[in-house]
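In the two complexes below, chain A is the common chain; its partner is chain B in one and chain C in the other.
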Partner chain A sequence: MIAKHRVASVLVFLLLFPLIMPYEALALNILIFGLYAVGFNLLFGYTGLLSFGHAAFFGVGSYLTGITIVHFGLPWWLAIVAGTLASGVAGLLIGFLAIRTRGIYFSMVTLALGQIVYYAFYKAERWTGGENGLRGVTVEQINVFGLTRDFVNPLTKYYVLYVFVALALWLVSRILASPFGAVIESIRENENRTAACGYNVARAKLLIFTLSAVICGLAGALRALHLSIVPIDSLHYLLSGQAVMMCLLGGMGTFFGPFVGAAVFLYLEDVATSFTTHWMAIVGVVFMIFVLFFPKGIWGTLVQQWQRRASSVETK
Partner chain B sequence: MVEITPQLLMLQLLTGLALGAVYALLAIGLSLIFGMLTVVNFAHGAFFMVGAFLGVYFLTLTGSFWFSLVLTPIAVGAIGLLSERFLVRPLYGRGIDYPLLLTFGLSYVLVEAMRVIFGIDGMPTSTPTELRGVVNVGFGMFPLYRLFLIAATAVIVIALWLFIEKTRYGLIIRAGSRDNEIVRVLGIDISRIWLLVFGLGTAIAGLSGLLAAPTRAVNPEMGIPVLAESFVVTVVGGMGSLVGAVVAGLLVGVVFSMTSLFAPEYAELSIFVLMAVVLLVRPQGLFGKAGLMG
Partner chain C sequence: MTAPILEAVGLSRRFGNFVALNNVSCTFQVGQLTAIIGPNGAGKSTFFNLLTGAIAPSQGKIRFAGRDITGIAQHEFARIGIAKSFQITNVFKQLSAHENVRVAAQMRTSRFDFLRSRASLTAVSERADVLLQRVGLGALGKRLAGELAHGQQRSLEIAMALASDPKLLLMDEPTAGMSPEETGTMMALIRTLSTERTVILVEHKMKLVMGLCDRLIVLHHGELLVDGSPDDIRSNSEVRRVYLGQG
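Here is the complex of A and B:
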């Protein structure tokens, strides 16, 4: 049931999500970073390409949304479109270079290219605010179909951003269910064989890289609206690493995994920071335990258990 | 704008070589580990950072730079040995991404460990007294410590080359990076060699951290840009090639220092642009073999 209507399941859950969270800000964060991890999962989980530079797309989405609002006075929804498109362009450029490499090189090159974007935005202080981040991305009221709503209210904000996340999830599900989705999974399983079957592997990789960048960029754009500032951390290597961690914790290559991972990661961070400043050590240890013992992640391991149980029932 | 004279250019070139010396050491450590274990050590920057911290700590403890120069690589190498034995080893044969992910998690732990032990602000560093001051290099005055950096790197590289090319252990390492199954068939316990190589690679990373400490700020986050830069060097030089690591390390150092002379705004970017160009023209790196890319 859940697997059949995966988009609907996630959406129903996310609809009720703010009600079960201790406070709305955490729910908003999980919504945004869940989407970020979903975008990353397209590349890592489904195509088998481990990028360590995805903060570049998250950050470009964030910054371009912010810049178009602050410097050009664009309406908020148009700014989201601008930010998302810009990260798509960034994805196309970085992807073009990165897919020339394979295997381990790919991770190293995406990391290095991500640093370029970081330094570029860091230096362009006039546009981005440099080290202090871009301030003043404030949207106080939004007007949808004649309905004016107070955007400062966290619940309103949550459900507005939710609409965008819903659209993105539908798109991702659609991509995965398409023949193209089968092609990227076959690249993960055996690249040479996919090429031998007549598929243009390089083009498929570039396309999925760009799509992944677009989804991550949208997540970044939403975060700019949520925080009303764009911190320079949005482009930082650590944020690229967070995508990897969330994806692996939740279960790479599964539809629900990234959201589970994002929720666990951010909840863990929230709890751990309340009693220690050294929460990164806890995150690091938990992550290593998962790499060593639960490489399928939380959701992946659960699914495996269910399948095992189901098949043992059948044989009886 | 300073007037560009040939002397200034030469001095800047030398500065670049000193910077590149550290890059070369870092890349050698990475390449050594990759060539042997096919593991990309994402904690390499963290080991560099730990080396810088422990180096300064041993320096203040013993009061001697030379003691620190011996103790630091041993201590960092020991951490490396433990990491390989208990964390990386269970992951062999499970796909190349897993050791990489594990070392990524390890880097978090190392960074936090240094924060717990030495505080979040980092440590003040100074050039060791014996190596302070400037010397006349023929075309101007140059800091003695940077000359020492170049010389120390040369000594380490030559020692490493002799070890790999001329000793029995080196022979096994070379054979193991070609075909570890054959080495195993010949009755050699390859896992011990892997352990040794991982320890050696991380020890060199620690040593480069110690050497670089007087020229930069020592703080727990210092390893992050270093990791990215050492990846640039490895991509430019070609993975698994020691010659490539040295040449590309020096090249990247020179490109950085020359750009900071002419266009300081773009200094950080320049080395990544260099990498992008190499990727476009020669994706396997200057000295890399095309087959290694897979």
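Here is the complex of A and C:
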């Protein structure tokens, strides 16, 4: 049931999500980072490529959305489109270079290229605000089809950004259910065999790399609007690492897993920071426990249990 | 005589100072079932890998139906009509048997289409069913490929190779590691396959291919020793010395 209508199930859940969270800003954060992790999972969980540079796409999405609002006065929705497209271009360029390598070299190349992007934005102070981040990405009111809404209200903000997340999740679901989705899973399983089947593996990797960058870029773009500022850490490699952690925590290669991972990660961070500045130690321990004892992640383990139960019912 | 379907022209391959294959030339005719045989280390696998484009020759050319295909990309092989099955079982382990064949069959219709639903490609899915049936895995489509028995995985691989409807099928030791019953079934399958398309096999066990093939190519120390019918090979004293004498 959930598997059949996975997008609908997730969307209903996310619709009610702010109501069960302690405060809306956390719900917004989870919404945004959940999408980021979902985009990353396209590459990591479904294609089997571990990128350590995905913060570049998240950050480029954020910065370009911010820059087009602050410096060019673009309307907010067009700025989101601009940020997302810019990440796609960045994904195409970085992907073009990175897919020539495999395994650990792929991870290192993406990390290195991600760092280059970081320093480029860091140094371009006139455009990006450098170390202080890009300030003034303020959107106070939005006007959709003649309806004016107060964008400062966190719940309004949540549901506006929700629409974009919903579209992106629908797109990801389409990709996974498409013929091309079958090709990327084959690449994860066995690259040589996929090539022997007649698929141009390099081109398929570049396409999924770019699509993944687009999704992560959209997440970044939404964060710029959420925070009204683009902090330089949007491009930091720590953020690339977080995508990996969120995917592993929730369950790589599952549709909803990255969202669960993002939610658990950010919730833990939120709780832990309230009583210690060393919140990473706590999150780290939880992360290690999951990697060691639940290698399929929280959601992945649950899905496995359900499938096992379903198949045992079937054989009875 | 019609043009050969596959042609090796002076193929050589060196690994450092070691010459794995030295100046081998031969042609493969349409419809003929040919086996490449030889003792261990004769260069069979190198020859197979050269013919299927897995490695590039140090010297020489490969022609397919008259066209020079030396050095074309690996994925081009399936598209022009050359399929292979690997010596080491090479399937998508975490995908179902049906999905393994379906992906392979999908190549002709859809490669980079990321917005359509794959469920809408019903013809592809039906073709996968037919092929699974063909290799005797009709009832096992839903099982994960990695959970199948060794012999079944090898059959699955052949279904995958057939999915692109190749004109030429190359098989690297199709019976390696199989039980006697599985070997018998595989041999019968190869025989029927060879009636509808050109098949080339690499085989270590000479006895297996003697009664099966139209023609044998014997390699020894990276060179072509003899090329002829099973009878020619059987009566050849050179072959006896290097090959039959051993075992």
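By our rule, the second predicted complex is superposed on the first by the 316 of 316 C-alpha atoms of A that agree within 3 Å, B and C clash if a C-alpha of one lies under 4 Å from a C-alpha of the other, contacts with A are read in each partner's own complex, and residues count from 1 in each chain.
Rule of thumb we're sticking to: a residue touches a chain if its C-beta (ideal position, glycine included) is under 8 Å from a C-beta of that chain, and two chains touch if they have at least 3 such contacts.
Keep in mind that this is a model prediction, so the values were computed, not measured.
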Chain A residues touched by each partner, larger count belonging to chain B or chain C: B
Chain B versus chain C as contact partner of A:108, first or second or both or neither: first
Which superposed partner A:271 touches (first chain B, second chain C, both, neither): neither
Touched partner set for A:241, first chain B, second chain C, both or neither: first
First, second, both or neither for A:199, with chain B first and chain C second: second
First, second, both or neither for A:174, with chain B first and chain C second: second
Chain C-contacting residues of chain A that also contact chain B: none
Complex contacts: residues of chain A adjacent to chain C: 174-175, 177-183, 185-186, 189-190, 192-201, 203-204, 207, 211
Contact footprint of chain A on chain B as seen in their complex: 34, 38, 40, 42, 87, 90-91, 94, 96-98, 100-102, 104-109, 111-113, 115-116, 120, 224-225, 227-228, 231-232, 234-235, 239, 265, 268-269, 272-273, 275-276, 279-280, 283, 293-294
In the complex, chain C residues that touch chain A: 52, 54, 73-79, 83-84, 86, 90-95, 99, 102-104, 106-119, 121, 160, 163-164
Chain A residues touching chain B - in the complex, by the definition given at the top: 50, 52, 97, 100-105, 107-109, 111-113, 115-116, 119-120, 123, 237-238, 241, 244-245, 248, 277-278, 280-281, 283-285, 287-288, 291-292, 295
